[in-house]
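Labels run A, B, C, D, E, F and G following the written order; every chain starts at residue 1.
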Amino acid sequence: METIMAFVVGALFAASIYMMLRRSIVKLVIGLILLSNAANLLIFTVSGLTRGLPPLIPEGSSLPAGGWADPLPQALVLTAIVIGFGVLAFAVVLIHRAYEVINEDDLDKMRSTDT
Amino acid sequence: MLIAVLSGFILAAFAPWLTRSLGDKAGWILALLPAGLFAYFLTWVPVVITDGAQVVHYPWIPGLDISLSILVDGLSLLFALLISGIGTFIIIYAGGYLHGHEDLPRFYAIMFSFMAAMLGVVLSNNIITLFVFWELTSITSYLLIGFHHEQKDARWFALQGLLVTVGGGLALLAGLIMLALAGGGSFELSEILANEDLREYGFYTGMVILILAGTFTKSAQVPFHFWLPNAMAAPTPVSAFLHSATMVKAGVYLMARLNPGIGGTELWLYALGIFGALTMFTGSFMALRSTGLKAVLAYTTIMALGTLTMLIGIGTEQAIIAAMTFLLAHALYKASLFMLAGALDHETGTKDITKLGGLRRLMPITFVTACIAALSLAGLPPLFGFIAKELMFEAALQAPTIGLFFTVLAVLSAIMIVAMAAVFALRPFIGDLKETPKKPHEAPLSMLIGPVVLASLSLIFGLVGFLPAAALVAPAVESVYGAPIDFDLYLWHGINLPLMLSVLAVALGLLLFWKWNAVLAVFSRMTFIDRFGPERGYEKLMDGLVWLAAWQTRLLQNGYMRNYLITIVLTTVALTGWTLFVHAGSPMPLGDISFSLHEIVVAGLVVMGAIVASVTSSRLGAVATLGMVGFGIALIYVFFSAPDLGTTQIMVETLTVILLVLVLFRLPSFQKLSSTASRMRDAVVAVSLGGLMTLLILAVNAVEVTEPISDQLVAWSYPEAHGRNIVNVILVDFRALDTLGEIFVVGLAAIGVYAMIRLRAEDKAK
Amino acid sequence: MNSMGSLILRTTARFLLPLLLLFSVFVLLRGHDEPGGGFIAGLVAAVGFALYLFAFDAARTKPLLVMEPQVMVGAGLLAATVSGILPVFAGLPFFTALWWPVEMPGFGEVKFSTPLIFDIGVYMVVLGSVMKIILALAEAEE
Amino acid sequence: MSEVMSAFFLLVGAGFVLIGALGVIRMPDLMLRMHTTTKAGALGGGLIAIGAGLFFADASIMVRAVAILAFVVLTAPIAAHIIGRAAYFVGVPLWERTVTDELRECLDTEKHTLHSTKLKSDRSE
Amino acid sequence: MPIWVITVSYLLLCIALILGFVRLVKGPSLPDRVVALELIASITVGLILIYAVQTGMPYFIDVALVLALTGFMAAVGFARYLERGGSRDE
Amino acid sequence: MSPEVALPVIIPFIAGALSLIFYKSHAAQRWIGVVGTGALLIASIVLLYNTYTQGILVMEMGNWPAPFGIVLVSDLLGAIMTVLAAIMGFAVAIYSLPTISKDHEAFGYYPLTHLLLAGVCGAFLTGDVFNLYVWVEVLLVASFALLILGGERAQMEGAIKYVALNLLSSIMLLTAVGLTYGLTGTLNMADLAVKLPEVEDQGLVTVVAMLYLVSFGIKAGAFPLFFWLPASYHTPPVAVSALFAGLLTKVGVYALFRFFTLLFNHDVGYTHELLLWMSGFTMITGVLGAAYHYEIRRILSFHIVSQIGYMIMGLALFTPLAIVGGVFYIMHHIIVKANLFLVGGVVYFLRGSYELKEIGGLWRTKPWLGLLFLVPALSLAGLPPLSGFFGKYIIIRAGVEAESWGIVAVALVVGLLTLYSMIKIWAEAFWKAQPEEHEERAAQFERTLSDKSLALMILPIAALAAMTVFIGLGAQPIYELADAAAEQLLDSTHYIQAVLGETP
Amino acid sequence: MIWFVWNIMLALAWLLLTGNFSGSGLLTGMIFGYVVLYLVALGKGQRITYVRKIPQIIGFTLFYIWELIKSNVRVAYEVLTPRHTMEPGVIGIELELQSDAGITILANLITMTPGTLSLDVSNDRRMLFIHAMYAGDEESLRRELKDLERRVIELLS
């Protein structure tokens, strides 16, 4: 399944980059959200996929029964999801606010700070 | 000794305050410092003559081989004496020249800094320290050239001088570092020059070129000479000091200093000799074309610098003697002439020679002094300048391989210089009195004492040549030549070729002087020269720089977000992809492709959803699809044993959709903004990154990790950390610091959002 | 018009909010042993308040939060940070977990710990932040 | 026995969910689609939950399973109501074979209010 | 639990998921998409539960619980958007 | 255990949390601002001192031994960077008192600043790659929020690019961290230094290194990844610009130094050659961008880019001396660049504009300001005897010793062009007379600025200028520090041993 | 109702104190909480009534589940048969129930029962608008809905 997931993650990366390359700020931010998901899945995938063995220790035992999926990438991804959520919440409101100030959602018309 | 070198800086710090509190007498009192220094350096003369070169070592930055060590030998002492001696008079002179000027306090501050820096250049034994002072002279000189900074020209010319000299300086830095490497790692001049095989250094040519780039720019050699006349935008005391006697000679100093170590090669001969000779000629020629008092002197300075360079390049015993003699002679008459030019300007209000005349009665002292100094400039007996010029002709004649070239240029220059010396000394004073902006009268004592003393010295040294020869020139020659040379200086050498050449030069020069008006008329029609000169080159370079900067910046920083993204993505793909194909040797196994129905369906829909979201024309459709993708990813987490992740993903996805919906409310619908071609391009870019990521995952997945650190975490989770949910234990215990950072991120995002929205609300309220 | 004007939604929100809050506390407290934890719990609570906000309006939702959202964020951050500092006073490195099993007569052993304080901090930060964002957006819209 | 029951619930639940999904494809307008999702979709999810609860045969898990059922059954109509209402407000078209529409005339889209008086007066006439 | 029960359940839910996705993409109106998203949330609940049964890991039921409790929030959000006069042409 | 290693992170965290709790009292926030950053400064100096005297200090968070928990590690580079961050934080805290508007104070300026510092210090001190990602995000989000304070149009436009491109960078970093874990099963940097060489396919390690390179390259503002920086740095309040200028890109540079000495030193001929090319183009493109502009903050922003090139050049040459130069350069540059922004702010408050064509006459009326500008400006251009000269000298000397003539030439030419830009500011803002058409605004601004405010602005500027002079004239101790830091960087056994114990 | 919420609160407090976050723990907590509340209410001279309704609630729940199954079968029939026999329509029904809770429960029940879907309540709460799949026979539809309303009123009284 890792192989299939590799392609899934690749497709997610591609879709999100394609979306970020549009001119609309809305698409930019949706692309970012998707990209963040793609990266999380990547971490999850590269450290190996394990079916049906959540890293939880049953009562009366000191190790998960019958093996475990690596908990560390899970913790990393969880942290990354939360961070991504915070950051993207900011980004979402930013485009909202930017649109109010600039009255334009076309990125091509937001060039005054560069040139 | 160190205090002597640095005392100028110390005084500079207090100079503004002193100038204000001392009032009219400031110049005289402040001049006590350079006068004292002069006296101090004089005490070193016997030491050097008897004991040879002295090195005094003070540590500074030993780690970088930078020290404050000081090298006192004939060469440095000659320069130090000139700097402090002439400096004394300049300080006095400035007090008169800039009397009552509101910026006089800061002028003194910069001037003393400059003087100290210049002393530093000539006395440093450490080449990096030398460079430090070298650059300081450039900066202080910049501030002085731009003294009248409200004038656009002053700013422009100041910048020109700075860029040229600092630009050369930077090359010099590289050259000096190479020099140290060539010398086996020591940065002390005394040790480097003791090294015999500097010329064997593998990058000798490059090193010499870099060093010469520094010295040529500083010493205004062709083709970098143009900045020097422009630097006359500075007040006259500055011109007199910096641009005649001292700073511009820093380059000459360095060439002379390094001559025993790296000189004597063909490269050295041709580079210095040819460029020097051309500079000499160019300076003389341009002087002939000039009508400004200061411009004439500036060009003759260029001539002198060229002459000195040429002589050092020739490098024979004769040439070195000539160089040092010429150096001394030039300093004396040129400083004197500059100060006189300033006096004329100051008293009459014009710098244009053609507008002056008949001042001999009103300014008799000035007239006489000018005559003496000009005679020395012209190289006529019995002045010191004559001795120097004779020696120069002789050196040129004896020069190896291209002596004729040197001689011809030297004579041609001499002719023109004689003419200009006459112009300078006579035109303003003889004939009828001309109307000038100011009513002329003799300049105050402060402005005359310098020229008079220095001109007198020109005369005295000419008459008693053995005096400077023994005390000043000989030790310097020894330093430059690298070995002691026995010689004496006297006016009469008998009738020889140099003398004949002198006579020829004087005769033709006087003829030229006689026909000066006609000559000027011819030159005024030759404006095409100005269109091709190196100054045009400089301007073109600056224009080109501005154009290039604009072109590049508009090209790169073009404001188009997608161009930025594409660049970054393609850079990633190129670097990573290239490395993957070229450096990662292992074959890429396809890995585990087993799957279950529900997995493949969910995975497929996640992909489909992502694609749909990225191409749909409906914004909220995209958001809804994004929600579905989120659920799909949550399912994947669940399917592969991550219940906490699944839950979190679901919650986050829900909140993200809520946020997007709240926000999109005000934003406009999607429009089809980009062309099909750009869509195709974007698709290619996007797919290239996606493909790369797929390959990376496959490659990394093929690597077996035997003992991940998480095994230990699992083992500790319940017995040590008292938790059954290992992921949670990691989050709140093993890696609590991550989580702490994470919640700070969330909190920060909230503050940011609040600020964005509320600030706007307040704006509206206003 | 401030709310969605749906009586049905308002009634549901009034009922679901306490339910979600209780559920969130449940998820928070057992997070150390089963799926859950401060973050998920905070989000569940936030969803409850968001529902209430959508049904009513910002003015009526704010007082339910007990404290200003940014104070809640600050307090949560402080709690989490302090839980990491406490062990230093016991001569242990930052974030060393301290456990205080308390024997309560009749209830058995109850385990208080710094990780629990930390998780509560996480809960407060998440809830406060999300509410701050959503409230700000809703207020701006109103 | 409980395993058979469990399997039954799982299969029936999944079947209902599928029916809901089919409805969402087949039904001709939004309102009718909502009929299928709120009923079949929600109940299907709930039944699967019961099936899972039975499978594990543990009181605490069963409590959760029932909670899932309860939540699904509770929230599905709310969602349907809120979407249907909004869709109606924004004028999502009804199927052309719709027989009556009493709401349309009571709706004041400008003020966003819905009044009962017009309809009642019609009826009392 | 017999494997075929699990497989058939998965199969039914997967077909449902695909159908839901089709409606989500097709729309045509925003409420249509939202309804589809609601359905997908229900299907997700089902899939998670089946998975819990398949693996015998009751922990996953909690995930379904959370989704069941909060899944309708997206619909509420979209509805709010529409009621407040968000763009209707999508 | 060494609790002082964690203090530079904990102190700003607490200060930030307290500022949030007292969000209604601006006075309290200001006090927390000054006291908090002051405490941070003291703590970081103590940390540096202890690190210098006792060697690399390690703090195992949660008492879990490395590599299993997260460690904070203070080696000299990390400690130096922390001190610099604290200096900047303290200077800007004081500068903020008169320059930050009430509005900004009300909307979280102070907590944001503290948390930015926490993120920066965390990034400098962490010994764990994922934890580094977390800190980077902390400082990033703080910077996002600071960037948009004010809500002007330009800020919004700049922020969109800043946010999007930096997020892209963070996501790449996250991806790289994930791949690193997939390759080695560890996240601890010291452990990675041991385990990365054990990976069978070293090419794959290089591939991952490339991802880090791009990610940190974006953060550092290196060519061709710097676009976000000139698009945004000139838009926020100047105190914020100064803080950003001093600190943010340096996190990227720091990370490059850390990763490409400790972790990716297996194929120097390839990776560092790439870095060298990157550094050259970074210098050139940055300095040309500055040459193009006529707005003080834009000029300075582009110079950040170009100066980053020098630092990377130090790393890329990868000789002991070059690393020393890089470290030295970072130290010098943080102080100088931030100070230039601060001076630019004073210019603004005296003249009402950052546009060089609209301002002038400052050398006449405020000569001390002129000196305070010249010190950092000439230092930036690398003129002796200021701090920048020694930085450049070391790097160029390293380049000459390595016989990398091309990069040496670039470094020299770029130095000259830097001087050109600085002189442009000097000539226009200070030398030129105030243009008449903007005279009124200038006069009004100058009137409005109270002496007390001016004094509070000048205080940090003068202090930083004094440091610039000191780093120049007293370069020896700074050199020794950089030298010791470089030695630790180049011999990773120090680091590994300190973190993992006796088994390197 | 507020007592019920309190009861759940106490149950959770119990969970917190015992550290036993399981269903059985919750049940114990509920009982424990109920006892406490009962005593408190006694002290205040009030009675807690919701317990007495438990049989009624169970009965209603069974009815409701039955309705649910019926509605699903009907929907399934409509979905699975190739031809649509629906005659959909939106109709308004007058409400007797006036409490928020009552209206909400009724609306939800209507949604979950066969062929009907609550859309909205008029602002004056007098009328509930529903969408019906089979609006052809309006009278019987209204009768069914009235019957449902009666059951809810009984439950809540």
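Convention: a contact is a pair of C-beta atoms (placed from the backbone, for glycine too) under 8 Å apart; a residue touches a chain by one contact, two chains touch by 3 or more.
This is a predicted model, so every value here is computed, not measured.
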Legend entry - Other chains in touch with both subunit D and subunit E: C
Inset, instruction - Determine the chain that sits nearest the middle of the structure, using the mean of its CA atoms as its centre. - result: F
Legend entry - Chain centre separation in whole Å, for subunit E relative to subunit C (CA means): 27
Inset, instruction - With chain centres taken as the means of their Cα atoms, state the distance from subunit F to subunit G in Å. - result: 62
Inset, instruction - Determine the centre-to-centre distance between subunit D and subunit F, using the mean Cα coordinates as centres, and give it in whole Å. - result: 57
Inset, instruction - Could you give the separation in Å between the centres of subunit C and subunit D, each centre being the mean of its C-alpha atoms? - result: 31
Legend entry - Contacts with two or more other chains, residues of subunit F listed in rising order: 13, 16, 20, 61-62, 111, 130, 134, 137, 141, 144-145, 148, 151, 160-161, 164, 168, 175, 179, 181-182, 185, 187, 227, 230-231
Inset, instruction - Mark out which residues of subunit C touch at least two other chains, giving numbers and ranges. - result: 4-6, 8-9, 12, 33-36, 39-40, 44, 47, 50, 70, 73-74, 77, 81, 84, 94-95, 97, 111, 126, 129-130, 133, 136-137, 141
Legend entry - Two or more partner chains touched - positions in subunit B: 557, 559, 561, 565, 619, 639, 643-644, 647-648, 651-652, 654-655, 658-659, 662-665, 668, 693, 697, 700-701, 705, 708-710, 713, 724-725, 731, 733-740, 742-754, 756-758, 760
Inset, instruction - By the touch definition up top, name every chain pair that qualifies. - result: A-B, A-C, A-E, A-F, B-C, B-E, B-F, C-D, C-E, C-F, C-G, D-E, D-G
Legend entry - Partner subunit C, residues of subunit A touching it in the complex: 54, 56, 78, 82, 86, 89, 93, 96
Inset, instruction - Could you please specify the touching residues of subunit C with respect to subunit D in the complex? - result: 1, 4-6, 8-9, 12
Legend entry - Residue ranges of subunit F in contact with subunit C within the complex: 1, 3, 6, 10, 13-14, 16-21, 23, 59-63, 111
Legend entry - subunit C - residues contacting subunit E, complex: 4-5, 9, 20, 23, 27, 34-36, 40, 44, 47, 50-51, 54, 141
Legend entry - Residues of subunit G touching subunit C in the complex: 5, 8-9, 12, 15-19, 21, 100-101, 103-104, 107-108, 118, 120-121, 123, 125
